[in-house]
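Two complexes, one shared chain (chain A), two partners (chain B, chain C).
Here is the complex of A and B:
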């Protein structure tokens, strides 16, 4: 059988094609690829598993309900009711964390408190592009027009950041005294 | 094939992806972080999220936006977006009487907008928040050579960071400029509509942080969904660049004609 060698070679080549396909496919294509479509199905779960940083609109209540009952009630009835706590402070997960054993939430870091006028200016500095109905002021001119001296933390001396309206009398004068 | 699509219900989804064990572990977190009915269900049964039961839509009301940048800051923190890159950003349009449009977006409005002194007569000015449009027929998924970009059954476009080779074709292909190459991970990155939040019944960080409800999330498969209702019935809702036929799922209400 002088041709045995050639037959074996042919068989080898024929076998090599499917084997290399299997090997390369195994290496190149991840396990869950193609389950739902042309992508890795596990990727969806990985996205869902990403830790949440910000809370929802109720996430401060559970703890601060007791300590800051007035503050919360005050905010809920004022003009800043729609402004989320986390916009002015910081994301809740930087401040609290579930305890590793009990799962109960515990404070881990001090919450950020920003008193700078720059915070207010994000939303209230006068800009042509803002809707006209939105309350806005030229910060520096506004403070001077209220007979106060401008400084970094001046806004919160007159306005309560949790309920900022000063349109009622009485409240107005109270603010002015503090700011001078 | 058809069968497989519809069968992709809770059971097979969870089986194949190994279950949503995280939600159980994070039980303590969900009590603070979630409030809606859906999240109540998920709390009781963490495997309750079924992606065949959702079809998300996003709505921006440009008349309401005050350009404060809260959404940009929240997105940046929620998704660890690197500096000077944006998954969402806000543009300011100032249109003069002679029809010229001036557009700016300083650092994506991460620090809001400075007042500008214009040397022309302003006819109108407004803000336009931008983000990934989560298009139904999207070029970014089509051009991906490795199957890293894909469309989920609940209607979002995601990028598998482990799969992405950072070639940047999708960044080029996106007509809305919504993608960027992450400077450290060297992979494509973009808005996920906070998939980790919406699958727990929470709102995306940008929607959540908006103080004037200019940004809204809807769900076409939810009965009586208000946002889906507005999109279906309003005559002043449109999409960006409709001529490209990408069928965006991000809609704009009261959009001025200067924006494309």
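Here is the complex of A and C:
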């Protein structure tokens, strides 16, 4: 074992690596880690405590059933019947909040209405990955093939976002004219 | 499908999320493993012709090891969270092994370099004064024993470390290949051959880098280039590139012959989207030409003059460095530009010059290991094993 002093010193230094690993692991890994699975169990409660910002269809309908009866009936007939309002509009909690005394919903902000083709394209721009049965177009080519000019709000000129089947013929022509 | 998720989860493979940085990572770790293999050829397998690059190969491996993770950190939105994989590894993912394999390999290479340079460090400590002396004395761990038996112990330990290092280096890089090869959802990646192809191409890139570094460093230092060393590097490089290309082609030929549903998307992928980078660069320009060039060096050895051999080796090595990079690119990017539904392709990916994960950043990251090697050379001036110590420790 003579002449191996330097080797042992190096080995001691190397041993510091696993030792510091254990120490850092002990200090840095939260106590609740691994209680339920490979995550921090406390995070479950933290997530539960975060405020809910989205609602469901009923949250919107509680007011709009009366205010926009026709619009909702039209939506229920169309292909977007099952698309939740918040998919295209904003989260309900940015629009209304419950009154602190009565608990009734009070409007705090005007609801966002996006008319840009980009929102439509998110689901309907042509992609090989989408099943063929799903309605999809190459937006720009589609508009040009309809003899219309491309603009930011071009989709809603022919399609009602709440019931996207083509608007009545007269209105469709109007849309083309507008688009031009 | 419940109505709530229409529009959010579908389609879910629009973007190429693994960018140029993810292609850089296997490239850099490949150079780490490849350079180490050259040092192992000398230290373990006794290929004495490689003695002039025995130190350089280890230092190169270490230099690239220092920065191998940088592309991944640049890619991450929260690089600080990378430590989570080290301290709370989830072993249901292959990624969990990273911290352990990387750390073990890091320690091993550092220990081996330290033993090889120990006498140099001690001599530098004796020659220096002040802070410099303290620095080298610290590195010597306060032991100034450079007697014959101590150097014999060093040599024995180096051989053992190099022998352990071979499977470790194979693990380090094979596991990168495994991460791709074990993704069953991706037909272009999912093959047990992937770790082996990665490993062999890593060795190709490592040897190529050493040929380039050795020729350039000797030229700049005005030192003689050992023809035996260049010849040996070329011979090993020839062997490994032939095996690598065979494996790469075997993989494609198997897919083509089986004509499974995956081939319906991989065939157009190779002939359209990847036509230039796969057929043009990886196979023809990066493999066929270097195989011919290195074949000339190996088979027509007696007809070559030293400068001609060096020039051919330099060109072949440059092409092979490019070949291995395009192989990484074709795997990483190629696997993402077709839809997992096998219905077709996404838009092709090309990195921007100045973006966060762009070409300039990639070039900078690639240059960092060379800066590390230069700093190392400044601190410990003997990259060539010419000292007595080196001969004693390394010449077995």
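Everything below uses one rule, namely that the second predicted complex is superposed on the first by the 117 of 180 C-alpha atoms of A that agree within 3 Å, B and C clash if a C-alpha of one lies under 4 Å from a C-alpha of the other, contacts with A are read in each partner's own complex, and residues count from 1 in each chain.
Here is the rule we go by: contacts are C-beta pairs under 8 Å (C-beta built on N, C-alpha and C of every residue); 3 or more make two chains touch, one makes a residue touch a chain.
Just so it is clear, the model here is predicted, and its values are computed rather than measured.
By the touch criterion defined above, A:82 lies against chain B and chain C together after alignment on the C-alpha atoms of chain A. Set against each other, chain B and chain C differ in how many residues of chain A they touch, and the higher count belongs to B. By the document's definition of touching, of the two partners only chain B reaches A:105; chain C does not. When the shared chain is aligned, no partner comes close enough to touch A:69: not chain B, not chain C. Contact with chain B, but none with chain C, is seen for A:121 once the two complexes are overlaid on the shared chain. With both structures placed on the common chain, the touch criterion links A:7 to chain C but leaves chain B unconnected.
Legend: residue contacts after superposition of the two complexes on their common chain; A:49 is shown touching chain B, with no touch to chain C. Shared-chain residue A:25: touches chain C; no touch with chain B.
Once the two complexes are laid over each other on the shared chain, residue contacts for A:140 go to neither chain B nor chain C. In the superposed pair of complexes, A:17 makes contact with chain C only, with no contact to chain B. Shared contact residues of chain A, touching chain B in one structure and chain C in the other: 33, 38, 82-84, 87, 122-123, 127-130.
For chain A in complex with chain B, the residues that touch the partner chain are 30, 32-33, 35-59, 62, 82-84, 86-87, 91-93, 96, 98-99, 103-105, 121-123, 125-131, 134, 138.
Chain contact summary for the complex, chain A toward chain C: residues 2-7, 9-10, 13-14, 17, 21, 24-25, 28-29, 33-34, 38, 82-84, 87, 122-123, 127-130.
Chain C contributes residues 3-4, 6-8, 10-11, 13-14, 87-88, 90, 92, 103, 107, 111, 114, 118, 140-143, 145, 147, 149-150, 152-153, 157, 339-341, 343-346 to its touches with chain A in the complex. Per the touch definition, chain B reaches chain A in the complex via residues 8, 16-18, 20, 22-23, 26-29, 31-35, 49, 51, 63-70, 73-74, 77-78, 92-94, 111-113, 115-116, 118, 122, 125-127, 147-153, 158, 160, 162-163, 192, 195-197, 199-200, 202-203, 205, 208-209, 211-213.
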